[in-house]
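Starting off with a structure, shown below.
Labels A, B, C, D, E and F are assigned to the chains in the order they are written; within every chain, residues are numbered from 1.
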Amino acid sequence: MSDKKNIVYITRKAHFNAAHRLFNPRWTDEQNEQFFGKCANKNYHGHNFDIYVTLKGVADENTGMVMDLRKLKDVMHEFVLDKIDHKNINLDVDFMKGKMASIENIVVEIWKQLEPHIENGKLHCIKLFETENQFVEYYGE
Amino acid sequence: MSDKKNIVYITRKAHFNAAHRLFNPRWTDEQNEQFFGKCANKNYHGHNFDIYVTLKGVADENTGMVMDLRKLKDVMHEFVLDKIDHKNINLDVDFMKGKMASIENIVVEIWKQLEPHIENGKLHCIKLFETENQFVEYYGE
Amino acid sequence: MSDKKNIVYITRKAHFNAAHRLFNPRWTDEQNEQFFGKCANKNYHGHNFDIYVTLKGVADENTGMVMDLRKLKDVMHEFVLDKIDHKNINLDVDFMKGKMASIENIVVEIWKQLEPHIENGKLHCIKLFETENQFVEYYGE
Amino acid sequence: MSDKKNIVYITRKAHFNAAHRLFNPRWTDEQNEQFFGKCANKNYHGHNFDIYVTLKGVADENTGMVMDLRKLKDVMHEFVLDKIDHKNINLDVDFMKGKMASIENIVVEIWKQLEPHIENGKLHCIKLFETENQFVEYYGE
Amino acid sequence: MSDKKNIVYITRKAHFNAAHRLFNPRWTDEQNEQFFGKCANKNYHGHNFDIYVTLKGVADENTGMVMDLRKLKDVMHEFVLDKIDHKNINLDVDFMKGKMASIENIVVEIWKQLEPHIENGKLHCIKLFETENQFVEYYGE
Amino acid sequence: MSDKKNIVYITRKAHFNAAHRLFNPRWTDEQNEQFFGKCANKNYHGHNFDIYVTLKGVADENTGMVMDLRKLKDVMHEFVLDKIDHKNINLDVDFMKGKMASIENIVVEIWKQLEPHIENGKLHCIKLFETENQFVEYYGE
């Protein structure tokens, strides 16, 4: 007999389209433009963001699942996507108020939104793509 | 001997990240919101746009190329990408002034920007992805 | 002034997951297995199908769109995806009754389902991927 | 001199196309349909599954490789793909007999098939995509 | 009754990995380096090429297929891939002897290799990707 | 108050196109051909390599970033891509001299090139794709 617990990591992907700009409100416009370049454009730019949410857990004997991914999808929509999809991250998103809109900060705030609503398994990782060339991962550390 | 002319269609891909919103300035806010839904968000949203520019022509005997794709890339940057990348399509892009910022309209205006600068071959098609789920093609018709 | 009509080709992608098998009911089991190989497996196999529906038309002045892609998405769901997603194409799909479940045949039958419901623009092409390595296109010819 | 051991993680991807359904044989049809929804369809549905097998090890001095990936590919074919590709996971696959056909369960059973046949390096992770939107990882825990 | 002939375009994808360099043997090294830049590197560079072969035809009533794609795959391997995969296009490939190794030229020569061996349907298009950013299409014109 | 340190893992992707061959200089040609097969081709073959460089760190309060990814991109170009892109890995790349050109070895040598130049955060992982079907990861162990 195996002594493994059969711990699996299950991931659901979603996406949202949003506008943002990078700027530090404590800096002058010139400082922002010098540091952030075109990412500081005052009229914003935007991205198709891809988000991957990973849970860690053991499959339930009755369902074969750690958590029903359709429920996870619902949680992702209610607490994250409905607030950020087709929005301006700097202006419209309550959980980003007072935070710089970098993906490093966004992923940490999304974690805070999701974690209280994961009923089965444990939130393990959130991976957020800004473009296919740059992305960030956060493990709740 | 073959009587073929060896006409090929050569494509270069690029991308840009931009903000936009859909709205008709002749409509009220309510009408815009009713028709365009979340795409009308006043604070804008955004996308990673992918653009494919296709030329039709015959390869030059000395170079093996219809047009040097590095030159095509330069043309795409000078006349399109430098104007639209990390910009707000509604506010910042000269060639979109007075046009609704739908991909159907954007692709036609990009054609007008590029066509005068294609030196070898003939501009055949521009394909513009707004998301991986929706895109538009224009053949100059 | 340009004499172009600004005819564009606008595409919406969707996907469905379905089971099927290839077999000719007029052939014996041996003939089917010999010709279709593992694709004839009596207990079925399946795919993640990707479908791209392309309309040809001119953008409306008030909306900037040929057809509202959200409406096109609804039409695709009502007349195709709700009937075929998470189904067995050989057994469950009304519009495939009596047809062999090859992608060559599926794409033609999907065209018949969609064409009567395209209100703006004209149905131009349906492209159906069975895997990333094989796909079929149909232009209503 | 570096004190690193140069431990690398080398991955080989493959894919298989299979039919399955989700259902609990201890539940009634109504219970299954209520919980699993369209995934419980009695006539099955299917997917293009992508599988990534990762080994951990140190490159051999003579070959520059942890394990010859062509041999790993052969092992994957002999012990997994030949048994599951173009099959019905609920009916045809010996190593899934008596198991619910969820990806959480499939990935654990595939691990058991492969592990005894990894000659060089150590089986580190199996990642299994059901669709591009949902996948599972298993590290043998 | 429909008067359509149900003409479909069926495509099979494959890939090959090869080395090449761009240079004109009638030019000096300096001229080649000046024009082709790093693509002229004397020791070669290389690519993962993706090739899509499209046939035009009508599905056979007995098979539901224009041409058995496994047979098409075999033809692609015998007459193209076995000659070019893991090869140096400038030195090793018989059908490229005396031709500059640009994708514009490669796609035309591959057409000549494949066309005589298409038994069902008609060779319609070959699409060849050098990178995800540049590709060429040839329709036998 | 949270006791998390908000440690994130930020990744930048790049690519390069290069030629290489697998062979052991201590073996005869026959031995090399027997073991490495077509990968030993004396005239080389090539690939489009994708490289992902991941840093671990905490976002700076003033910039919202672990390390400015444009600077990371510059470092990747100066110390890796400018040396290996459009090159022959066996003949042209200084940091691969005397090493077999397997991806297991390449990824370790790239780590040595990059690590001294990471100013913010800590180099965490380098992932190198040779094809979409095989890739290697190295964590500096």
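Odds and ends about this structure:
Note that contacts are C-beta pairs under 8 Å (C-beta built on N, C-alpha and C of every residue); 3 or more make two chains touch, one makes a residue touch a chain.
It should be emphasised that the depicted structure is a prediction, and the values quoted were computed from it without experimental measurement.
Touch-path distance (fewest steps) from chain E to chain F is 1. Any chain that touches chain C and also touches chain D would be listed here, but there is none.
Distance between chain centres (mean CA atoms), chain A to chain D: 27 Å. Shared interface positions of chain F, i.e. residues touching 2 or more other chains, are given as 132. Interchain contacts (touch definition given at top) occur between A-B, A-D, A-F, B-C, B-E, C-D, C-E, D-F, E-F.
Contact residues of chain B toward chain C in the complex are 22, 24, 26-27, 35, 37, 99-105, 107-108, 112, 132-141. Within the complex formed with chain F, the chain E residues making contact are 15, 17-20, 38-39, 41, 43-48, 85-88, 91-92, 131-132.
Against chain E, the residues of chain B that register as touching in their complex are 2, 4-14, 54, 59, 62-66, 69-70.
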